[in-house]
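Consider the two complexes below, in which chain A is the common component and chain B and chain C are the respective partners.
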Partner chain A sequence: MQTIETEVLVIGGGATGVGVARDAALRGFATVLVERKDLAEGTTGRYHGLLHSGGRYAVKDPQAARECAAENGVLRRIAADCIEDTGGLFVTTPWDDVEFGDRFLAGCAATGVGVEEIEVGAALVREPALNPDIRRAFLVADASMDAWKLAWACARSAVEHGARVLTYHRVTEVLRNGDAVAGVVTVDVRTGVTLTVRAQVTVNATGAWAGQLAALAGCRPVDVVPGKGIMIAMNHRIVNTVLNRCTMPSDGDIIVPIRTVSVVGTTDSPVTDPDQLEVTQAEVDHMLDEGEKLVPGFRKARALRVWAGARPLFGAKEPGDEKTRDITRAHTLLDHRQRDGLDGFVTITGGKATTFRLMAEETMDLVARMASPGTDRPCRTATLPLPDSEPGAYYAVGSRLAQRERHLLDDQLVCECELVSRRDLTEALDRRPTANIDDIRRALRLGMGPCQGGFCTYRATGILHHQERLDQATANRALLDFLQERWKGLAPILYGDQLRQARLDDWLYQGLLDVEHLPAAAGAP
Partner chain B sequence: MSDDGEIVVVGAGMAGLVAALRLAEAGRRARILAKGFGATHLSGATIDVLGYTPAPVMSPAGALPAFVAEHPDHPYARVGAGVVEEAVGWLKGHLTDPRYVGDLGRNFLLPTAAGVCKPAAVAPQTMAAGDLRGGGPYAIVGLPGLKDFYPSLVAGNLALATTPAGTAVGARAVEVDLSPGGRVDAGPLGYARRFEDPRFRADFAAALQGRLAADEVLGVPAVLGLAGAEQAWEELEARVERPIFEIPTLPPSVPGLRMFTVLMAAARRAGARVVIGAEVVGVETDGYRVRGVWSGTANGRRFYPTAALVLATGGWAAGGLVMDSHRVVREPVLGLPVTGADDGAARFLPGYLDHHPLATAGIAVDRWLRPVDARGAVLYDNVRVAGATLAGAEPWKEKSGDGISVATGYHAAMSVLTEEG
Partner chain C sequence: MEDPVRASLDHCVKCTICETACPVAQVTPLFPGPKYEGPQAERFRQPGASADHSVDYCSGCGICSQVCPHGVKIAEINSRARAAYKAEVGAPLRDRVLARPGVTGPMGSPVAPVVNRVMANGPARWVLERAVGLHHSAPVPPYAPRSFQRWARSHRRGAGVHPDGRSVVYFHGCSTNWFEPDLGRMVVAVLERNGVQVRVPDQGCCGLPLQSNGLFEPARRTLRHLAHDLAAGGGDEPVVASSSSCGLMLKREGREILGLADEDLRAMGERTYDICEFLLDLHDQGALDTDFRRLPLRVLYHAPCQQRGHAMGTPALDLLRLVPGMEVVESAGGCCGIAGTYGLKKEKYGIAMAVGEPLFEQVRTGNPDVVACDGETCRWQITAASDHSSVHPVALLFWAYGLEL
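Presenting the complex of A and B:
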């Protein structure tokens, strides 16, 4: 069995984990990150994509509001390429208390959240689809953020500074050395090869899975309740500003315009297993009804896809005891030496994507004291931009189109919905060879548009098969797996034009290509 | 039906074209009103009658009697196996460029663009040489700029196939570096237009010179011209001195467009009128009869009186059946009840390839294809329903879509003509 040694081992490849790995690498620590799937495949890649201004928490959770407001400014400096500067509106709909607006303004003032009340007419000029019956409107610095791009940029930065990032490495055992955690044993889920990573400090950055990993380490239970939230992507930019209801945070009270879509979210219900997140018809209907309150006619828009994420919420007792929305959104850092007498082991959980960098900084401040006491290794992540990001140079919704237009004559369009070209695809495969189209999707948004892979699933399989020289069974598996992966997010929202699209895709894949009789399909799991 | 007036066919897909052509050639005035083009433009253009039950079907004619007995609500059970055979034979006589070969006695096994050999009863002559029974060996030709066809994927899967007799199949990919005007993103139509030019065909044949084994069968993407495909195919076969077969690409389907063009021209020659871009937005009824339909176009609404109505608007994919965000289902032209879409049961199952309950939802009909309610009572005496709008089939799994459209479109016309009901 192969063994590698490191100073800092990070478990979990979500925003928090890659943030910790980058922070550690920038401080000069030898760093290894292991992730059981792909980067940002858990909660980070399954949220609505909001970069919080802090407004959402201004009344309810002042600490979270303060952190969001500060980190919003930091991320706009270091991760501008991952952010679209949409701005955000908090609006008082006929279903909301007009007086709450005053509490909202006071909360923003107290927590450093920038806000300006604007005329209802001005809000409607800015967002014509907005409910014309709104009574108040407040402008804040909300934005949308591409979490996959962010995670990969952090990982690249970490690697540039010497870190190793091992995706598809699942932890099977936490190694103990008496009263200390000494590392982990992992298995590469693609090859079955085991790898031992020995580390001075192990950081549990597994979010909603933190309780599971803590149990493997053998410490006292870490009480993380996964809070399920569902989100639905609508097929176009219904709005271009983030819309929030100006009320206490509740279900379905936010619409985030991100990339080519608008995402409505979200719900909050405690679950026992963050890997089992079922979306119910009732939840979908609830989102659509709430969307209708912000944007009349919302139900007539085309829903592309639904998904669910598991928020890591620390501190609840048992699932079902209480509504998880009432737990603080601020994060929790556990030093298991103090908590459990277990050395070399730290858990960071809770929090949100907007504050991932701050969470990483606080984590590494603690880890640095543990791993190299007495030395000063300051955090550098608040000022050093991520690769490809320049302060102020935000992503714009037309960026990809502009890029495509420069290459219309010399490059092939593989995914028309998301404007992914053949060169984009082959370069992504050069950077990171894979036999999994879903990996390509997270890197390029391939298959995420209105046809949900109707055309590009076949094309990507053909190109992948050719370029990666996949054996036939693997190529067929890739195609069928991706169709299945797309189906998972489609089935609960199939109505209207998306039902029509799904049936068309059936004609292509089953009627025309007959994929259910591919050689790999017979033995499909 | 004593009234000798015009008969409106709603929909210009396979079922609508077949119904209108059959009516027109029988001397009735037929008019197609369609919102747009139908699924012919997506179709691989083979006439798939029955491919899987789910066991592979070698002979549709042999399998149909048992199939309709086991599926009493299937459109084939409504029209009867004999009508299926009669209708497909009739259609074959109308498909001229290219001509079609085969019959219900035996399915071809024709390679798809994924390299699966798909059962089809009747196929364009330009595709028939791909039949797996021939055993290859196959040389599958790729063209740069054609992103809807991957020869190594096709060849790789073909190489895993065995013939029905159990022999292994040889297959490999060959790339020909030829694209229309050097374009990197030409698409099936871009290539099809170029293949109509004899010089381009000569260049194509020249590029293959010396690269093929003597016994190889040549599989090419189905882009050998929109018009004159049969001649282009024959000429290429002569040039490369080997059998050539076309493989349908992702849409827009060149062979599907050919089939549409041929059937549309035949219907028009027979006297049918065709209005594309005229969605039917309302109907006038008189008791159990439809008196006429309103079409909505950019130019305003227009009323078409009709002696009988053939509803061939397609299924969920075409908009012939719709479901709103409250999951209320509707047949939009006549408001016919949709069976099999009940709210009670799960409409979709977790696996993409599962048999989803909603798949077989549609309009229930009697044996004359008149729409009926849940108790089997006829809703409109002078309405016939044909094609993918009908309940009871899972055509993309059965590989029966074309067969259903042809048989029910034909039967709908015959039912109107013989004044049954």
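Presenting the complex of A and C:
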């Protein structure tokens, strides 16, 4: 069995984990990150994509609001390439209390959240699809953030500074050395090969799964309640500004324009297992009804896909006995030496994507004291931009179209909806060999548009096979797995245009290609 | 409420029917196709930040919207994208001049002999191509010595027309006024032959060339002005148009492409008829004089793309078949390529000729006595490319009635 030694071991490849790994590497620590699936495949990749201004928590959760406001400014400096500067509006709809706007303004002032009340008419000029019956409107610095891009940029930066990032490595055992955690045993789920990672300090950055990992480490229970939130991506950008209801945070009160879609969210209900997140018809209906309040006609727009994420919420007693929405959205850092007498082990959980960097900084401040006491290794992540990001150079929704226009004559389009070309596909595969089209999807957004893989999946699989990256049976398996994955997010929203699309896709794959009878390799683990 | 044209992109299921029907995408890789430009690229567009330029190669024929089985307003989305692009990067002088026949007409007409000699002069056309990008071979018609409006002002109501009878407003369009006044006289004569009183108010351009060149603001002003002029001094009598593309502006495109929500424009659109549509309606009511003389001509009828945009069938074909001795064949579809001012441009002339080639070939091999077509720029293109004369269908009816100018 192979063993590697490191100073800092990070478990979990979500925003927090890659943030900790980058922070650790920048401080000069030997760093290894292990993730059981792909980067940002858990909660980070399953949220609506909002970079909070802090406005959402200004009244209810001042600490979270303060942190969001500060980190919003930091991320705009270091991660501009992952952020689209959409701006955000908080609006008072006819269903909301007009007076709440005053509390909102006061809350923003008290927590350092930048806000400006604007005329309703000005809000409607800015967003013509907005409900014309709104009574107040407040402009804030909300933005949309591509969490995958962010996670990959952090990981790349960490690797550039010496870290190792091991995806598809699942932790099977936490190694103990008396009263200390000494590392973990992992298994590469693709090959079955086990790998031991020995570390001075192990960081549990598994978010909603933190309780599960803490149990493996054998410490007192870490009480993380996964809070399920569902989100629906609508087929195009119905608005270009983040829209929030100016009221206490509630279900379905936000629409985020991100990349080519508008995401409406979200719900909040406690669940026991973050790997089992079902979406019900009632939840979908509820989201659409709430979306209708912000944008009349919302229900008539085409729903592309629905998914659910599990928030890591720390501090509830047991699932079911209190509403998870009332738990603070600020994060929690546990030093298990103080808490459980268990050395070399810390847990960082709670929080949100917007504050991932701050969480990483606080975590590494603690880890640095544990791993190299007496030395000063300051955090550098607040000022050093991520690879490919320049302060002020925000992502623009038209950038892919502009790029495509430059290559109309010399490159083939593979994914028409998200404008992914053959060259994009080949380059992504050169960077990261994979037999999993879902990995390619997260890197390129292949298959994420209106047809949900209907026309690009067979093309991409064919190209992979043609380039001899996949043999026939593996290619067929990859095709089937990807279609199955896409289908999961379609089933609960099959009505109208998307139903029509699903029928056409079904004719292609079942009728024309008879995919269910292809000679396919055994399913991936 | 979201704009319905943009919202229609949601209906696209990528069936690609529009791409297979697009005449431009079939002949040039410079235009990636209506699905790409429409429902696909639109998802990447936001106000004030055009990222694409290939949409300028859309000819605006509108076939994509006609064939879409799901109701995506493809051509409308593309026209708007082009307008947004032009508003950001600016339109060349050539496009701004070509787009304003209502301005150039009054300037060119009085000096018609000079302008016509220049435009018919090979070396001069080469200079024009180099200087402003107007292709040297592009079909540019000569100015008429006397405008249609000048004739109409002095025209006395024809015999047999009762002042209290059926009455229409004639929307003749710029080409009839400045280039083909005889067509206008024939339209008036055919209508009067059927007892219809024809009013010809002073009128300008409909704004279509502005619209198709992406100049939406002046297009809106121009169309509003036209609607105002046509309504002047009248009630709610039908408006009859002899240019199928200009008539479509009043009927539909002003609202759907330019986004004009004016109630009076909508009302006028509802009472606007293509001339052949109007005449066939008369026939359906038993009110069309079918006392045609025998006219033994072999006619190839070509319905322009914009004519098909009316969704009214092919009334010209039905009318021509009423004429004894006339042998009428419908063209095998396809676009002639000119698309208004598109095929006049240096960089698009070759595309336009390639688009129209199957039609030109049909004309050459079929060798009809005459080509009948409802669109003026299409007629000029067909004649220039196939060396066969082409006329408006009403001209054939005019001759079949034995009328004379």
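Here is the rule we go by: the second predicted complex is superposed on the first by the 519 of 525 C-alpha atoms of A that agree within 3 Å, B and C clash if a C-alpha of one lies under 4 Å from a C-alpha of the other, contacts with A are read in each partner's own complex, and residues count from 1 in each chain.
Simple rule for what comes next: a contact is a pair of C-beta atoms (placed from the backbone, for glycine too) under 8 Å apart; a residue touches a chain by one contact, two chains touch by 3 or more.
Just so it is clear, the model here is predicted, and its values are computed rather than measured.
Of the two partner chains, chain B is the only one that A:P519 touches; chain C does not reach it.
In the overlay built on the shared chain, the residue A:C417 is in contact with chain C alone; chain B does not reach it.
Shared-chain residue A:V174: touches no atom of chain B or chain C. In the superposed model, A:C451 lies in contact with chain C only, and not with chain B.
Once chain A of one complex is fitted onto chain A of the other, the partner contacts of A:I463 are limited to chain B, with no touch recorded for chain C.
Looking at the shared chain after the overlay, A:V397 reaches chain C, while chain B stays out of its contact range. Of the two partner chains, chain C is the only one touched by A:G297; chain B is not. Legend: residue contacts after superposition of the two complexes on their common chain; A:Q510 is shown touching chain B, with no touch to chain C. By the touch criterion defined above, A:L288 reaches chain B but does not reach chain C.
For chain A, the partner with contacts to more residues, out of chain B and chain C, is B. Where the contact sets of chain A with chain B and with chain C meet, they give residues 300, 408-409, 413, 455, 500, 504. The touching residues of chain A, when paired with chain B in their complex, are 281, 285, 288, 299-300, 303, 408-414, 422, 455, 458-459, 461-463, 465-466, 472, 475-476, 479-480, 483-484, 486-488, 491, 494-496, 499-500, 503-504, 506-508, 510-519, 521, 524.
By the touch criterion stated above, chain A contacts chain C in their complex at residues 128-129, 235-238, 240, 260-261, 295-297, 300-302, 396-402, 404-405, 408-409, 413, 416-417, 419, 449-451, 454-455, 497, 500-501, 504. Interface residues of chain B facing chain A in the complex, by the touch rule stated above, are 39, 42-44, 48, 52, 112-116, 118, 145, 147-150, 152-153, 156-157, 159-161, 183-185, 248, 250-251, 315-319, 322-327, 347-353, 395-397, 399, 401. Interface residues of chain C facing chain A in the complex, by the touch rule stated above, are 1-3, 6-7, 9-15, 29-30, 32, 35-36, 39-47, 49-54, 70.
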